[in-house]
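There are two complexes below, and they share chain A, which is joined by chain B in the first and by chain C in the second.
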Partner chain A sequence: MSHIVETCDIVRVFKGHDKPVKALDKVSIYIDEGEIFGLLGPNGAGKTTLIKILTTLLLPTKGEAYVGGFSVSKEAHKVRQMISLVSGGETPGYGILSASENLWFFSQLYGLSSSSAKARIKQLMTDLEFDEYAKTRMSKLSTGYKQRLNLARGLLNNPKVLFLDEPTLGLDVLTSKKLRAYIVDWAKREKEGTVLLTTHYMAEADEMCDRVAIIDRGRILACDSPLRLKQKLEDNFIMKVEVSSVQADFSFVDDMKGVIGYSQTRSIQTDTTSFKVMLTEEKIFSKIMLKLKEQNLKILSANEVEPTLEDVYISLVGRGFEEGEKTTHET
Partner chain B sequence: MAITAVLRTIKQAVWIGWKVETNWADPLVFAIYYLIRPIAGLLIVGFIFLIGSFVSGIVDPGLFAFLFIGNNFFIYVTQIMIMMSMLIHEDRAHYEVLKHIYLTPGSLQWYIVGRALNGVMNASVSLVLTLGLGVLIFQFGMGIPIPLNWLGIDLGLLAVGLLVGIVCFMAIGFILCGINIMTSKVQFMLPEYIGGILYLFGGVVFLPELLPWWGQHFSNALPITYFLRIMRFSFLHNTGFDVHVNLVYLAATTVITVIVGLAFFRVAMFKARRDGLIDKKEEY
Partner chain C sequence: MKRDEVLHNLKAAYARLWVRIKGGNREPEWLAAEVVMPVITLSAYIFLYKMVNAPSEYAGFVIIGGTMMAFWSNVLWNMSAQFYWEKEIGNLEVYLVAPISRMAILLGMALGGFVNTALRASAVFIAGILIFQVPMVLHEPLTAFLIFFLTIGALYALGMMFASLFMLYGREAWHTANLLQEPIQFLSGTYFPTTSQVVPQLVQLLSSLIPLTFGLDGIRRVAILGQGITDVWLHIIALAIFILVLLPLARLALRYMENLGKKEGRLTLRWQ
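Entry: the complex of A and B
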C-alpha cells in the first residue's frame, strides 16, 4: 500500500432536475500517510461529493477509490473502521442531550469500553476547550462550541484518516483559528494522522495543507504544495486596484490581450470594488488604468500583490472564486 | 461486530429513544400515541362486542375475552412499526446523526433494533394500561364476566410467543426503515396502512373464518395470526387451537419475515448509498 487515500478516475453523475449533473469528472488524487491534504474549490465544485464517496456514504458512478488500501465501494466496512467525518455547518447529535452525553453516545456506538470512552471524552473536551460546557444541552451551545463538539465526535475513534468538509464554515475568526491549529496539531501528534479537508477559504488551505488540489466543476485543475502552486505564477503580474463605487465595471478586460484572469470583490458597506487582475506583462496595467479613468472612477489604491491560492485559481479558470455573486467579503 | 459492542449500541439506542420520546414538545402527540390510541382500540372492541351481542342476541363473555386479548396485544405491532417508521427521517434530517451512525462500523441495524425496543417498552406500558382499564370498564363497569384467570396465565408460552412476535414485527419495521430511507418525506401513513391490513387479516377482531377464501389464505400466511393465537392461548388456554402447531407456524413465518425484512433493508441501504440519500437533507 503506497498511499493512504487514492482515487482512480472517479466519476459521479447525479440525476439533477432536467439534465444529469456531472459532479465529479475523472478525479484522480492520492494522499500520503500523515499529510494534510486540501481540496479547494468554489461552491458546487464537487468537494462534498468526493468526501462522501471516500467516506462510503455515496458510490461513484465510475472509477474506484481506496482508503487504507480498501476499496470504498466493495470493502466499505473496512474503510469505516479507520475514518471519521466532520462536516461544517452541521450539528450531528441530539439537542436534548448534553455535550458529553452526545459524545458518550457515539463512543458507545464505536464500541469503546466505558473507561477508555470516559478518558477520551474528557481529554477531547479539555483539548478543544469546552469542558465548561460538558453538561450544557447541545441545543444551547453556540455555533462555535457545536463545531468543537462535532470535531471531538470525529476524533473519538482515533481515525487514521479524518475527513473534514468545510470544518470552519460559518465560524468566527477566533474559533476558526483555534480549530485549524488543533487539527494541524492532531495530525502531527498522531504521527500517521491523515487529514483530507475541503474548503473554499484560500487562507485555510494555504495555512494548513501540505498539498492542495484545486477543483472546479468536478475536475482537478492542479495539485501541489501551496508554495509550488504559487511559484508557478512568478512570471505573472498580479495587480490589485480598489476603486470607489460598488458598481464599477471591469468587464472590458475580457477582450484585452495579456489578461490571464481577474476577480472582483464588491463591498456595499464601503461602496467600493476591489479588483484583482493577473497579467502576462506589467505594461498592460497602464492600459487598464487608462480605461478606469475614462469611467470617472476614483482609484483608491493600486499595487502589485503577492500571489495567493486564489490567484492560482484565477490563472487556471480566468475568474475568481466568488464571481457572479452580488456582494462578497474577503476571506 | 463484537457482542459487547452490539450490546453497547443497543443500550445507547434504548436510552436515546427514551430521552427523545419523553421530551416530546407536543404533549398532544404523546397523548395520542400512548393513551388515546390504546383506549380507542379498547372502545372499538367494546363496541364490536356490543353490536355482535345485540345482533345475535347472545352475550358471550368468551368472545369478549377473545377480542380483548387480541386487540391489546396488537399494540406491539403498531408501536414497533410507528417507532421504526419515524426514526430514519428524524435521525437523518433533524438530528443529522444518521450518516454518522451509519459510519460507525456495523452499528446502524443494532441501533435501529435498540430504538425499536423502545416501541416494545411503550407497547408494554400501553398493554398493562389497557388490560387494567378494560377490566375496570367492562368487567366492573358493565358487568361482563371476562373469563380470565389472572393467576393462571401461561407465562412461559406468553414469553416465548411475545419474543418471537417482537422479532417478527421488528423485521417488518426494517422494511419500513428501508422505505423511509429511500423517500424524502416521512411515510406517516405507511405504518397505518400496514397496521390496518394486519388488523383486518390477522384475526384481531374478525375471525379469519369469517373472511372470504382468499382472505383466509392471506390470514394463514401472516405471522400475526399465529402470534395472536398464542397470546390468547396463554391467557385463555382453551381456544380450540393446537398451540404447538401455531408456535411452529409463528416461528416459520417469522423466519421468512426476518429474511425478507433484512434483505429489503440491505437493498434499500445500497440504493440509498448509490443515490446519495444517507445524508439527504434538502431537495435537489
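Entry: the complex of A and C
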C-alpha cells in the first residue's frame, strides 16, 4: 500500500439517547507520506471520531483503516510506534511537575534514552520558544504555553504521522500563527513527516494543508487541494453584504432560484449582520438588495469576494459552518 | 515480548514511578499531614484500649493496623481511581496512544505509590512505637518482612485490577473507592484483630477474602506476639495465592476494559 494513512468505508455508530447516532458514514480517504492533510468541518461533523479511530482509541463499527500499512484495529501496537496525537484544549501532564519534567516523562513512554530525550526536549523548547519556562510548573503556564508544551510532547518521538485535533483551539492569534508555522516547518524539515489536522478554522486549513477533506455529518463531501476546491467555484458569484441590524432577516433567499447557499454572522456588539451568498448569476444579487431595502435595512457594504474554503462548504451543503453547528446540535 | 520491548516498558514504568515520587514529595506540608493525621487516629484507639484495660499488645495491633491502612488508602485512592483521574486530566489518551503496555503504567504507579506510602507509613510506625512505648517481640524479622512484602504485592495487584475496572467509570469511581474504604478497614481488622473471640464468624469469613486481613494478622503474630514461620505459613500461602490470582486478573481486566472502551467510545469520554 502506497499511502501512509488510508481509510476504507469507515462507519462509526454511537449509542444515542433515543436512537443510534452515525458519526461517520463510509469515510474513505488517503494521505500520502509528507502531506499535511486537513479535515475541515463544523463541530460534530465527525472529525475527532475519525482521528480517534486512526490513533487506535476507538474501533470502527464497519470498515478498516490503516496507518503505515498496519490495521488500526488489528495491529494497534505497530500503529502506535509511528504516531503521536496532540489535541487542542488539552493539557496532558502533571501540574506539579515542571515543563521539562513533564516532557522527560512523556519521552520515556517512547523509550528514548535519557540523554537523547534531554537533548530533544531542549531543542523542542527552544524551537517552540518556551525554553525560559523549562523549570516552571505546568500548572503555572498560560494556555498558550501549555499548548506549546503539548505540541512539543507530540513531537518527542519524531512521529511518522502526527495527528493534530484542533491544535489551535482557544489560542490567541499570535500563538496560533506561531504553532501553525512550526507545524508546517516541521513537516517540511522531516520530509517524511505527515500531518493529519482537524480544524474548523478555514484559514488554518487553507494556510497549512496540501489537501483538505470537507466533512459534514460524518460524510466526506469533497477532497482536494484548497486551491482546486476553490477553483471549482470559479463559475459562481460570491457576494458579501453587511447590514446595520442584528435582526436582519435573510430567510427570503431560501425560495430564490439561483442561490446555491449562504451564511450569516451576527454581531450583537456592533448590531450588524454580515451575509455571504453564493449565486449562479450575478444579477440575482440585485434582487436580494431590493428585498433588503424593503426591510428598511441600512446597507453598510456590498461587494463580490474571492472564494474561501467556507464557500466550498456552503456550495456543498447550502449553509455556513455556524448554521451547520446549530443544526448538528439540534439533532 | 522481546528484550527491547521489555526495556522500553521498564523505562515507562520507571518514569511513572518517578512522577509519583517527585509529585508526591514536592510539597512537604502534605507529607506532614499524612503522618500527623494517622498518628492522631492511632492515638484515639490506643487511649480507648488503655481505658478499657485491653491487653497491652493491642496498642501494637493498632500501630501495625494504622501503618498498613496507609497502604490500603494508597491502593484505593492512588491506584484504583487513578485511571479515572488520568482520563479526566487528559493523560489516559496519551498513555493509550503510546506504544507501551498499560501494565507498565500500572506497575510504575504501584511502585511509586508504595515508595511514597512506605515513607509515610514508616514515620507513622516509628512515631507510634516511640510515643506509646509499644513492646515488640520480633524473633523472625525475615518472616515479618516476607509477609509484609507479600501483603503489599497482593494489595497493589488488587489495586491494579480495580484500576482496570474503574477505567471506564465516571463519577462512580469516586463513590466506589469511598464505599471500599470503611468496610475494608472494618473487615480486615485494622484497629482490632478479626480473629478474636468477640468478632462474629460471618465477619471473620468475609474478612478472609481480603488480603489485608492475612497480612495484618501475620505481621501482628510475628512482630507483636513473637510467633514464627511455622505459625504463619498459611498466611504466606494465602497471600501468595492472592498475588498469583490477582495479577493475571488485573491484566485480563485491563485488556477487556480497554477493548470495551474502544468499542463503546468511552475510553476518553469525560465528565460522565
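Structure notes:
Definition applied: the second predicted complex is superposed on the first by the 323 of 331 C-alpha atoms of A that agree within 3 Å, B and C clash if a C-alpha of one lies under 4 Å from a C-alpha of the other, contacts with A are read in each partner's own complex, and residues count from 1 in each chain.
What we mean here is this: a contact is a pair of C-beta atoms (placed from the backbone, for glycine too) under 8 Å apart; a residue touches a chain by one contact, two chains touch by 3 or more.
None of the values given here were measured: they were computed from a predicted structure.
In the model built by aligning both structures on chain A, chain B clashes with chain C.
Contact with both chain B and chain C is seen for A:Gln81 once the two complexes are overlaid on the shared chain. Legend: residue contacts after superposition of the two complexes on their common chain; A:Gly111 is shown touching both chain B and chain C. Applying the stated contact rule after C-alpha superposition, one finds that A:His17 touches chain B and leaves chain C untouched.
Common to the chain B-facing and chain C-facing surfaces of chain A are residues 14-15, 52, 55-59, 77, 80-81, 83-85, 90-94, 96-97, 104-106, 108-111, 153. The touching residues of chain B, counted against chain A in their complex, run 1-2, 4-5, 8-9, 11-12, 15-16, 19-20, 23, 95-97, 99-107, 111, 273-276, 278-279, 284. The touching residues of chain A, when paired with chain C in their complex, are 12, 14-15, 49, 52, 55-59, 77, 80-81, 83-85, 87, 90-94, 96-97, 101, 104-106, 108-111, 153.
Per the touch definition, chain C reaches chain A in the complex via residues 4, 7-8, 11-12, 14-16, 18-19, 22-23, 26-27, 89-91, 93-100, 262-265, 267-268.
Those residues of chain A whose C-beta lies close enough to touch chain B in the complex are 14-17, 52, 55-59, 77, 80-81, 83-85, 90-97, 104-106, 108-111, 153, 157.
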